[in-house]
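Order of writing sets the chain letters: A, B, C and D. Residues in each chain are counted from 1.
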Amino acid sequence: MDTTSYSLEWQDLTLWRGERCLQQGLKGKLASGQAITLKGPNGCGKTTLLRTLCGLSQPETGKVLWQGKQIHKIRNKFHAHLAYSGHNNGLKRDLSTRENLRFAARLRGRHTNQNELLNGLRLTACADLPVRNLSAGQQRRASLALILGSGAEFWVLDEPFTNLDRSGCEWLARRCNDHLGMGGLLLTAGHQDSLLNPERETIIELAGAN
Amino acid sequence: MLQAFQLVISRELQMAFRRWSDLALPVIFFMIVCMLFPLAVGQDQAILQKIGPGAIWVAALLATLLSLNTLYREDFDDGTLEQLALSTQPLTILLLAKTVAHWIVTELPLIAITPLLTLGFNLPAEGVYGLMLTLLAGTPALSLLGSVGAALTAGLHQASGLIALLLLPLTIPILIFGARAADLAASGQSIAGPLYLLGGLSVLALTLCPFATAAAVRVSLD
Amino acid sequence: MNEFLDMGGYAKYVWSTYSISLIVLTLTVVLCKRTLTNTRKRVLRRQASLKESQT
Amino acid sequence: MWNWFHKLASPPHFYRIASAFEPWLLWLAIACMLTGAYGGLVLAPADHVQGDGFRIIYVHVPAAFLSMFSYALMAVASGIGLIWRMKLAFSVAAATAPVGAAFTFLALVTGAIWGQPMWGSYWEWDPRLTSELILLFLFLGYIFLRQALAETRQADRASGILALVGVVNLPIIHYSVEWWNSIHQGPSLIKLEAPSITTDMLWPLLAMIIGYQLLFLAILMTSVRTQVLQREQNARWITEQLGTENIHG
């Protein structure tokens, strides 16, 4: 993780689902070392906003800028710094965790030391089992291993603390704080009260769509 | 870029061989469809010889359609399609790799098994190589067009009928030239004309379809 | 007049094509107009109910 | 010129223009078709080869032309929608599909019926009729894909891609069907060539084509307004627009 400072900015985003307008005129900025947690009732567009800021979905109006440039113009450069973990965990169910991690790392051209990562997530025991046989908590931790192994500066986690036990949550909160400490950016959506340290984190409350 | 291309292909092949039942399904379907024709039309050798090449091509087309349902649906459900869309490599190349892997996994076994089926239609032995050649030249276009159809319906859960409706009108030129070339092969004449047209269609599909597939996947992920 | 109707022996074909065309075209026009009025009614009803829920 | 195009592209503006033009287009279309039909059925002399049977051309050719035109329009509108992300372009594409399918069906039926006096059977796999049949399936594929995707934005963009892939394939399909027909050509049948057209046979045909085109535009205006209404339900301009229409609606 180099030390240049990164920034993500979005201006007057309008988010739609079907005929319903979820959010209007959203504006915000995320700089290095900062975290933003989105809170709000179900169906208010948290996930849609996360996916829009990653470039997965197109906003109805408005722009999303990474380092001042629109993300759909600099897609590959932007994705080099991005790691996204959505509701489904992004792992092939027939391959083992180790094979999934190796594929993801080599796709990004990185050679992470997997054992240290797997030990941290207490997954070494079941690392060679197909993901299909892992429990929901283990699958969640395996998908978090994807994020940690990616070495990306900008983490986007959609409800990271679901299916995690107490020790898992603390472990993840510690790693997130280290990430922020090293100048990384973090964007999460979730319901539990956040375990991140307060002074780096801003909480955005999204109003429920009418 | 090339490394990512090989990476995706090797992962797809690794996955396919791990679940060989999905591998065998299109081939078995292909054999069954080819077996139906003699049962429906009767053993009259003259008729069977006449409809043989065409029947084999129709069966190959239907077997491809069958295997397209799960091409992107699984990746859409388990989130790997999102990871591919958010990777540093261009999505077009990665999806082309997936389509090539689909072609290897589904079409090559079909081509490998055609000699067995030509016995069923009592086609002359020397016609078999020509028939396999036409399948070799035509099936890439089927897979590429099929991947566009599969990407368009990745988000839908019971879309097998829809994919067939979307694709069949588009694959008609391939079927016409393929069946015609196979017919010439079976009757021992030179198959150069339609074979070149078939190859041309495959090259055209190779240049245009990956971009349509990437755009369709981005729409399905929206 | 009936010589005109006979259409030189092709009466059956000529008049069938013309009548089918007339039917299909008028049907399309009528259906499109009706869907427009239905949609307009539906949107108006939705807007009215929306206004009540806000006031 | 550019701001005129941009102005037209704003849904409220287009909605008002559409509702204003639609009655004129409709009546003009009906007038053209009536004169065309009168000219074709009464004034034009019988063809020396096909006798009066050739009068079906006045109904078949305009429908066939419109079926091609509507698919091309749908593809162009989808292309504009995908490239410049213009919602109105998607509304036009969505509105064109069912109307295009209706015209294709019409071309198919009139062509088949014309086949009977010409070749002795309703379906002779004539390359043009086969292309019309495939075009009908392309339209149905577009319409069913649009129905299957619940979200309008996704449906617009996905069916737009299908329309573009389809329009690239259309000439290839037509060529391959022509080529296929020339291979399996039975004894040389009298082709469905347009009979030697004399001017007093020709002007009714032109009148009918213009009439069909105007009718297509009139129907299009109505169905685009429906699409715009569906898409802009929450926009404020809808309320006053419908309000004013209600008064003298």
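Everything that follows uses one rule, which is that a contact is a pair of C-beta atoms (placed from the backbone, for glycine too) under 8 Å apart; a residue touches a chain by one contact, two chains touch by 3 or more.
Keep in mind it's a predicted model, so treat the numbers as computed, not measured.
Compared on C-beta pairs in contact, A-D and C-D come out with C-D as the pair having more.
A separation of 42 Å divides the Cα centre of chain B from that of chain C. Our note on geometry: chain A versus chain D, Cα centroid distance of 48 Å, whole angstroms. Chain A and chain C have CA centres that are 52 Å apart. Chain C and chain D have centres, each the mean of its CA atoms, that are 15 Å apart.
For chain A, residues that reach two or more other chains under the stated contact definition are 58. In chain D, 153, 230, 233 are the positions where the chain touches two or more neighbouring chains simultaneously. Residue positions 222 of chain B are each in touch with at least two other chains.
Pairwise, the chains that touch each other are A-B, A-D, B-D, C-D. Partner chain D is touched in their complex by these residues of chain B: 145, 148, 152-153, 155-156, 159, 162, 165-166, 168-170, 172-173, 176-177, 180, 197, 201, 204, 208-209, 212, 215-216, 219-220, 222. Taken together, the chain D residues at the contact with chain C in this complex read 26, 37, 41-42, 46, 51-53, 55-56, 59-60, 63, 98-99, 102, 105-106, 109-110, 113-114, 116-117, 215, 218-219, 222-223, 225-226, 229-230, 233, 238-239, 242, 245-246. Partner chain D is touched in their complex by these residues of chain A: 16-21, 58. Those residues of chain C that touch chain D in the complex are listed here as 4, 7-10, 13-14, 16-18, 20-21, 24-25, 27-29, 32-33, 35-36, 39-40, 43-44, 46-47. By the touch criterion stated above, chain D contacts chain B in their complex at residues 82, 134, 137-138, 140-141, 144-145, 148-149, 153-154, 157-158, 161-162, 164-166, 168-169, 172-173, 175-177, 179-180, 183.
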